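Paired with subunit B in one complex and with subunit C in the other, subunit A is shared by the two complexes that follow.
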Partner chain A sequence: MHKMVDDAYYKQLHELQAVDFVLVELNLYLDTHPMDANAIQQYNQYAELRMRIAHQFESQYGPLMNFGHSFSSVPWAWNDTPWPWQV
Partner chain B sequence: MWVYEKKLQYPVRVSKCDPLMAKFLLEQYGGADGELAAALRYLNQRYSIPDKVIGLLTDIGTEEFAHLEMIATMVYKLTKDATPDQMRAAGLGDHYAAHDNALFYQNASGVPWTAAYIQAKGDPIADLYEDIAAEEKARATYQWLIDLTDDVDLQDSLKFLREREIVHSLRFREAVEILKEKRDEKIYY
Partner chain C sequence: MNDQVRYYEPYVSPLDPCPPRRVKSYITPPQLFIPFQPPNLPQFHPYEALMHGTLWPALYSPYGPQKVRQEEEGDD
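Take a look at the complex of A and B:
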């Protein structure tokens, strides 16, 4: 267990969490400010950045999402640890 | 539908085994103003709320599940190395008898979660005022939890959650204003 967790894992995970935080904040803000074009542009920009960071993370540490939103290597990688509460 | 993402919304680190603090944290796991209650409250109210607010209830309800996972992670990490004696000394002897070190949806006093904690009135303003109150109560609970521990790693995660309650409360207040504007428009039709 935890064989793939190194310093770079935490660094990349933290980078993804930071970008996702911006997206959650913008999303909730836009739910009540739907006409703010600047915020929408920022949201789209971060959504694209998010895709790139998540893809890079997954290529090294395995799938982040289930049900076809991430790809798997062989054997099936979804069951591989660590789960979020284990790191 | 919902899709799971294999990461926490914000890092959770603890610096020691502390089953007593885990017991207190259960208030935000299965308590009246906790994260389970919040998620289920918003995701149930959204079916009968005006269209302009459905997105907000869906998104905040979804974020609450991420917070529930953070609290679960705190409780898990604080108790995973605890012996039965340590669980008993922390007031979790009765919990251990029923659940070993497993988590259970209960509050800090061991009372199981109940749907009676949450409401869906079908009246958008009444529902949103309940939601604002729930966020403010959760914010206060997080402050009391921060005051109950000297673990700076744990405090860091709890402070993140406390700030999220403030943002959610603000967004719900804005939703109330949006619905009031809509209601006032109708007078002139």
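Take a look at the complex of A and C:
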């Protein structure tokens, strides 16, 4: 069962990647600035946004991760194509 | 010209085994000059941050192809 990979797939992945990068940066920043409330508020906003983007992506294209980090459809879907290097 | 690149002329010895590199360069990224990152620095848009490799323009250090300043062709 080949998944249909289209522009929306790449667009959502790009958005997810950008949000993930912002979260990484904020996380590293907050490690050294624990009292910065604005950054924490921004971090929470982006974390919530990331969950929405990932949920929407997974509902359309299947799980992003395995070992309990994503839901799966039937049949077992996380090892479906396209694999990350095929995207 | 990228303002974070600095140049120096290493000593060239007649005993050097390889052709001399008369001008060499090194990068001085912004974090060398910021002891502790102040809060609430201006930020890039997420897509720009992804392309620039950092969330804060103040910390951006371009990593492009550097044309080493060549007084004369010493890079043969």
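Criterion: the second predicted complex is superposed on the first by the 84 of 87 C-alpha atoms of A that agree within 3 Å, B and C clash if a C-alpha of one lies under 4 Å from a C-alpha of the other, contacts with A are read in each partner's own complex, and residues count from 1 in each chain.
Keep in mind that, in the parts below, contacts are C-beta pairs under 8 Å (C-beta built on N, C-alpha and C of every residue); 3 or more make two chains touch, one makes a residue touch a chain.
Treat the numbers as computed from the prediction; the structure is a model and nothing was measured.
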**Prompt:** When the two structures are overlaid on chain A, which partner does A:Thr32 contact: first (subunit B), second (subunit C), both, or neither?
**Reply:** both
**Asked** Thinking of the overlay built on chain A, is A:Trp76 touched by subunit B (first), by subunit C (second), by both, or by neither?
**Response** neither
**Message:** Counting residues of subunit A touched by each partner, does subunit B or subunit C come out ahead?
**Reply:** B
**Message:** With both complexes overlaid on chain A, does A:Pro84 touch subunit B (first), subunit C (second), both or neither?
**Reply:** first
**Request:** For A:Val22, decide between first (touching subunit B), second (touching subunit C), both and neither.
**Result:** second
**subunit A positions touched by subunit B in one structure and by subunit C in the second** = 14, 17, 21, 25, 29, 32-33
**Fill in**
Seen from subunit B, its contact residues with subunit A in the complex are 3-12, 55-56, 59-60, 63, 69, 72-73, 76-77, 167-168, 171, 174-175, 178
**Request:** Show which residues of subunit C lie in contact with subunit A when the two form their complex.
**Result:** 36-37, 39-40, 46-47, 49-50, 54-56
**Complex contact set, residues of subunit A against subunit C** = 14-15, 17-19, 21-22, 25-26, 29, 32-33, 36, 38-39
**Fill in**
subunit A residues touching subunit B in their complex are 13-14, 16-17, 20-21, 24-25, 27-29, 31-33, 63-67, 69, 83-85
